[in-house]
Amino acid sequence: MKDEPRVGVFVCHCGTNIGGVVDVPEVVEYAKTLPYVVYADRNLYTCSEEGLNNIRDTIKEYNLNRVVVASCTPRTHEPLFRVACQEGGLNPYLFEMANIREHCSWVHHDSKEATEKAKDIVRMAVARSLWLEPQEEPELEIKDSSLVIGGGISGLVAAISLADQGFKVYLVEKEAELGGLVRQLYKLYPTLEDTSEILNPHIEEAKNHRNIEVHTSTTIKDIEGYVGNFHVTAIKNKEQIEFDVGTIIVATGAWNYHPPEGNFQYGVLDGVMTQLELEELLKEGKLERPEIIVMIQCVGSRVGEIWSYELVGLFHSQATRLLSKILGARGSEEGWAYCSKICCMNAIKNAILIKEQFPESEVTILYQDLRTYKEYEDFYRRARKLEVRFLKYIYEIPPEISEAPGNKLRVSFYDPFAGEEMSIICDKVALSTPLIPSKDGILLAKKLKIPLDQNGFLMEAHVKLRPIDTQIEGIFLAGTAAGPKDISESIVSAKAAAARASILMGNKVIKTEALTAVVNQDLCIGCGLCEELCPYGAHIVKDGKSTVIEALCKGCGVCVVACPQKAISAKHYTDDQILAAVKNAFTEQLT
Amino acid sequence: MSKSEDTESRTHDSSHDTKLMHIVAHTPRGKGILDCIQCGRCTSSCPMARQTSRYNPRRLMEMITIGLKEEVLSNTPWYCLSCFTCVDKCPQGADVGEVIFAIRNIAAREGHIPPGIKAQGGNIIDTGKISNPTKSILKQRQEMGLPEIEPSDTEELLKILRKTGFDKIIGHK
Amino acid sequence: MKDSKSVLVVGGGIAGIQASLDAADRGFKVYLVEKTPSIGGRMAQLDKTFPTMDCSICILAPKMAECYRHSNITLLTYSEVQDAKGSIGNFEVAVLKKARHVKEDKCVGCGICTEKCPVKVPNEFEMGLADRKAIYMPFPQAVPRLTTIDEENCLFFQKGTCRVCEKLCEAGAIDFDEKPEEIVLNVDAIILATGFDVFNPKAITAYGYGKYKNVITAMELERLICASGPTDGYILRPSDGKEPESVVFIQCVGSRDQRYNPYCSSICCKYAIKDAVLIREHHPEIDTYVFYIDLRAFGKGFQEFANRSKEEYGINYIRSNPGEIREDPITQDLTIWYEDTLTRTIKPLTVGLVVLCTASIPRPDNKKLSELIGVELDDLGFFRASHDIDHPVDLTVPGVYGCGFCLGPRVGDIPHSVMQAGAAVARMSEELAGMEEA
Amino acid sequence: MSVGYEPKILGFLCNWCSYAGADLAGVSRFEYPPNARVIRVMCSGRVDPVHILEGFKSGADGVLVTGCHPGDCHYVSGNFSTERRVEIMKKVVNKIGIDPERIRLEWVSASEGRKYAELVKEYTDSIRKLGPFPLNEISDLLDAAIGAFGSERVRWLMNKQLEEIEPEKAENVIITSIEREIERYQLFQILEKGNSTVSEMAKQTNLPSDVIVQHLIALMKQGTAAITAEAEHEYIYTLSR
Amino acid sequence: MKYAFFIGCLVPARELSYEFAARKILPTLDVELVDMHGANCCAPFGIQSLDYISWLALATRNLCIAEEMGLDILALCSDCYESLLMTNTILKENSDIKGQVNEVLSEIGKEFKGEIEIKHMIDVLYEDVGPEKIKNAVVTPLTDLKVATQPGCHLVRPKMLHFGSVGGYDELDELVRATGAEVIDYDGKEICCGGPIRDTFDKYSRSLINQKIKAMKKANVDCAVTICPFCFLQLDLGQREIQTRFKEELNLPIFHFPELLSIALGFKLTDPQIRDHRISINHILEKYNGYEVSS
């Protein structure tokens, strides 16, 4: 400790969230007894304007050089309080948080025990704070160019938006043609416009835009670097191309699920097809006369109503498992627990198209819940007016498909609304299958270290408030790579991704993480163990000494623990700082 | 109905007339069938459905949709009180109480008419009224000083009802 | 020629907040106009958000504070758009800053004035389930953190007496003479984010809202269930303050209804599942029922959560749209007549509390804004997008964009509102960049 | 076991998965016993064996280290390093009289709020069964272990991939080497307090005399120890300053 | 105020007291009733069930008669009212159906033009006369009389058809209050009396009556008031049937609204009127001196 610490402790009631369980005044009184603590008080909401101003003013008034806030989790609120410290003239890294909400008041009901634990947590934080040192966040330059991966509707929209804003865009598509999954569609709901009317102008614009470099038949081989400065290696027609970009938008899209052979007689009986295959027939004009068609919703989605639910979070290693699920033994796998969201409208769209072309056709849609959200309710109504038949089946008794005389199909099911079993003799059965995570998305996530959700879609940084950002700075999600969306929703997300990327590139610089490793050159003997262990290649041994490339180092600290000479330390997570907390976890050892 | 009151499940195969929905939708007062989303609001508020499970307006709509013609045209629709509670409550404007009349009209053409209703039809053709006073009532009217009841112009009515085919529907000679 | 581009954002809910932050970070000078005394909008009133169960105000409050502190954002709360003219690149908008009677630069938000104010009026933030004073802070995390005098209820403005707040305010922030002020802003673009209103279920007389005390709306429940709400998070019946033995949620009250709002509000099924789970978490002894027509648990993680709500929390799902609710005049329990459409049984269910999941409807203000700015409304009263599929956040006047629920229940949830906000900023940046080039 | 004994648990949680998982437990209000005190580190790979042993010294009865699931590490492979270190540590501490159960490594993801709550509960119960950490009994040994795990030799051994040796053998080699290092530190500690003889050291450490002599020779070679006198047929060893 | 008086079939054939009271009360409140000559059955729901165009043609014939009289129709019976109102609305709104019906009516030289409106007696009393005027005309206020009202279905439902009217519940209740009586709410007020299935499913028809009467009795009323001959028949005759059949003493007096109104306006009920009631109303008549001893 270089200077005599003057610690201020701010304990938050968080309304009743903390105050309802933890005796906050008691914690404050306790904090006051700790060495070096020159100020301790409580706020109703420390994160409110009043609370933040209080921190700012108290730093000045009491000449604080350490601030501890005992409130909620640092994962959401640390940045806010750091700014308040900065406004008070304190280096934001001289701030420490004690989590007495998520880790205390919310999980312990006994007020006395929770209060004791809160005191311990505060003491640990104060102890750690004594050892904190000011840190600087290095500024990084952001290249004003972007890589958009995927040339479907989302990729196109995102690329054009950025290009229109004046940024250079590299649009990479693995297929020979742009357009993605949407290209296979005939018409779009709810306006029933030809897909080409929407899609083609975007394709043309992207191809001809002076700020966009389109690379079709191109796959991403490798991406190195970090926000502002990604180095991209791609393979275009067997040739390697390379370029540097500041931001990346992942628009790898989704796949349409194909049921395993035999499931709902798919691939076994003629006339059983996926909804998308039916749409392709319509597109090609291969439906030539009125037919009886039955559509079955939720084939491969909403499967297994008792699947355990994990809120967020499989990381990319699970990708391998999910990948084998998609690519591997489809036959034995049952499908996906989620609702794919677009299938109801898609089925209705095709039903309307069929009925409008051949009013004598009979179209029946077998559903579990009809999810025509928002104004799509009108679309549902429109189909009913066209005498499309909507019947419910229940998950436990799925419709059965069998052969019927005269080259027909028989669909048998139980209609709970009537309490009757029913069978329909029909010409075609269309299976509405979900959008599922794409292989490319999963592999790319692995490359970029973007976590996947439990289903294998790319995971957003926060499902509510950061639905476009990923955990990796500078990489954003557009379209169905992050989960099923319809076209309008995909366009919204693509524009939003463009907005988020443009903010970084427009500002030209960004402050980065200060928490990196540093090597004490006097102690280092250049053994090279750190270089061997570092997953980011941030350690380079040269002339018998190791140095850290700060822009690459992500501050994990693996090298710190390994260094035989104890020559490496982790900024903001030094041994002294960690041990200060360890030593004060159960008893007071503040010195 | 020959079946026990609450029995429901049976296996149908060829007994579905999948055109029934279309027919009902194109019969006067029947277009509501296409508006139904089976929410159950009608049955939830139907006073008759609370008396007996033989009558369930929502289920009746579904039975039309899946084409259980025989059942739909038998005595089921005649349970309806025509109180129009369902019409008022239906969020989709499916007007179940109205669709009932379409089904009854179809049923009547196919000869399913309860005797009481048939008698009403007969009375109209014969007297122009469905309810006629007894002699003692006529006497009482006089006593009370109420005006005499005028007979209806049955000839005129017969012309009308022949034109519409009403006489054939109720089998009037 | 202005140094930097500027934008007017109308509405300080999550959509408006996000649009302001994105635009400000993008380098725009932002004027965020909010008609109530604080930004925060509907999301501030929610207890938790679905399906991550984040405490709503906890994740929103930092964004609200960021808006307040951002050097590119000027917050104009308690203000309304009065007039607008011009076109993209050059809109002239008149904003009326209503008289708050509390000086923004002096009030420290200590709250002494609100403690001593003698007038009690129903608290809008608490959906009328609690009272506030005539001088008030809308909610504890309000931004900006200062009080406002509600002229309509203040004794001084109504009867010329009192002035207690003025005497007590040590900061000298009370200013009874303050007059409304009109500010004229010159902006390049406009983003509308006026959010939604809640359908008043009184219209559906069979459900007895307004007549039976224990029939409440979902927004009211959000406050009841919130730990910082009027009952400290305990589920207590309005009629007698007792915990109900069972709670029923009824879906599609005023939505999916041709007579009121034909569309699906998109969010009700999801929040009902969330609220039912929260009730079971806090009070496992309370039985919960959700009456639905189609359980619309679409979107990321929702179906899985719905499954879990059944399996783990034992929420009872009944596929039915109940016909009527009757109150027992003595116990004030409520009897719901319904048909379970999957088993075709018709029966009454007697419960302690009924929650009506009411439609989200357009704000009446949309009409005025549409007239002032010239953008079209759709048949329902939401702002019309210039193309449903291709230009979902462009309104029918160039340079005017929309985000959040004022565009209709497009998906309606928070993440989509956040995305729309970003999309609006992207569109604005594109079009203004295009103008500069031309 | 004393009545009303409440075990003290020290937890090291990685920022990205486990701390988030613990936050989720809070957000979801999954109740668990209040026995754990938690330290947030960016990666479980930052947890030094020394931190764990210091934890015992500071009063912990059990130390819980949690990280991202294998392969899910935010830092690619940090948790694999952790796994290797903890595995070795458990075997080593077992030999010096610490129940290996007192060190636990678990994977908790950001979505596993319930798992975190249940883990804390289950681990607290399991440590409760073990009883208080025998700090007084093995205090010296613990200090020696802290010294050993901080030593150049052990750190090298624990982190270097010994490619030329078969994995199972490699582990034995490493564990034995660490044991030796601890023994050496024990002797070092004795000498730190004052001069001593082989028999005195044997008495204090329960180590065989020949082992002690070997270590002393090594220490002398390093120049750490020296013979300064002779008494009753024994040499007196001392630390060279 | 002058109306074509559509009396229907059931009222003159079975419920003379209703007709008698209406004919007596309405003129004193300045409502002139002009009897319709040659009118036929309104074609109520039974007939509607058989054929659509036949129903409309039968009902429209009556409308044509009123059109020829140049008068709006006042109906006593809710079924007549609803059938005529529906027909009038459909034909006015749908020119296609109007054409079809007029083609049928051309057989007898009639044509629907769409010139008149259809009103129920209650509409006229409420809108044209008004509760205030009635209140002022009351000579024997029915103080302390607790009344359950039975507005019936077809005065109020379907709502779309009766759009613009206050809503029959409130209208009737306010008119009853104008007599000085107290209107008591009861469970299931809006529920059907069971009349339409009286002939077809008498078991359920009876149970509906039973539930209704019991609910009224539970609400502690002195009597019930109807404005529809079918409702009256159900509650009065139907109640009697239940009493006889199940030996259950219900004894809830039922009044036609005009009867109650006449008592309040100082007209006494006559013997034949009282004979119309199968459930004794005497104790109420005595209380308000509403019984005219026959000479």
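Labels A, B, C, D and E are assigned to the chains in the order they are written; within every chain, residues are numbered from 1.
Note that contacts are C-beta pairs under 8 Å (C-beta built on N, C-alpha and C of every residue); 3 or more make two chains touch, one makes a residue touch a chain.
Nothing here was measured: the structure is a model prediction, and the numbers come from that model.
Novice: Common contacts of subunit A and subunit E?
Specialist: Common contact partners of subunit A and subunit E, which must touch each of the two, are B.
Novice: For everything except subunit B, show me which chains still form connected clusters by touching.
Specialist: A, C, D | E
Novice: Between subunit B and subunit D, how many steps is the shortest route if every step has to go to a touching chain?
Specialist: Steps on the shortest route: 2.
Novice: Out of A-C and A-B, which chain pair has the most contact pairs?
Specialist: Pair with the higher count of C-beta contacts: A-C.
Novice: Centre of all protein Cα atoms: which chain's centre is nearest to it?
Specialist: C
Novice: Name the chain whose C-alpha centroid is farthest from the C-alpha centroid of subunit E.
Specialist: Farthest by centroid: D.
Novice: Which one of the chains is farthest from subunit C, going by Cα centres?
Specialist: Between subunit C and every other chain, the largest centroid distance is to D.
Novice: Between subunit B and subunit C, what's the gap in Å when you average each chain's C-alpha atoms?
Specialist: 48
Novice: At what distance in angstrom does the C-alpha mean of subunit D lie from that of subunit C?
Specialist: Result: the chain centres lie 54 Å from each other.
Novice: Taking each chain's centre as its mean C-alpha position, how far apart are subunit D and subunit E in Å?
Specialist: That gives a centre separation of 94 Å.
Novice: Which whole number of Å gives the spacing of the CA centres of subunit A and subunit D?
Specialist: That pair's centroid distance is 37 Å.
Novice: Check each residue of subunit D and list the ones that touch at least two other chains.
Specialist: Each of 27, 29 in subunit D touches at least two other chains.
Novice: What positions in subunit B touch 2 or more of the other chains?
Specialist: 8, 35, 37-38, 58-59, 85, 92 - these are the residues of subunit B that touch more than one other chain.
Novice: Two-or-more-chain contact residues of subunit A, please, as numbers and ranges.
Specialist: Only 311-312, 370, 381, 417, 419, 454 qualify.
Novice: If I apply the definition of touch given earlier, which pairs of chains qualify?
Specialist: Chain-chain contacts present: A-B, A-C, A-D, B-C, B-E, C-D.
Novice: Would you tell me which residues of subunit C are touching subunit D in their complex?
Specialist: Residues of subunit C touching subunit D: 52-55, 281.
Novice: For subunit B, which residues count as touching subunit C in their complex?
Specialist: Within the complex, subunit B contacts subunit C at residues 8, 35, 37-46, 49-50, 53, 56, 58-59, 85, 89, 91-93.
Novice: Which of the residues in subunit C end up touching subunit B in this complex?
Specialist: My answer: residues 206, 252, 256-259, 293-294, 319-324, 337-341, 344-346.
Novice: Which of the residues in subunit A end up touching subunit C in this complex?
Specialist: 15-17, 20, 44-45, 47-50, 52, 72, 76-77, 79-80, 83, 161, 164-166, 188, 190-191, 193, 198, 302, 305-309, 311-312, 337-339, 341, 369-378, 381, 394, 416-417, 419, 453-454, 457, 460, 462-468, 482-483, 487-489, 491-500, 502-503, 506-507
Novice: Where on subunit B does subunit E make contact in their complex?
Specialist: Going by the criterion above, the answer is residues 27-29, 47-48, 51-52, 78-85, 87-88, 95, 97, 101, 104-105, 108-109, 113-114, 116-117, 120-121, 123-124, 128-134, 137, 140-141, 143-144, 146-147, 149-150, 152-153, 156-157, 159-161, 163-166, 169-170.
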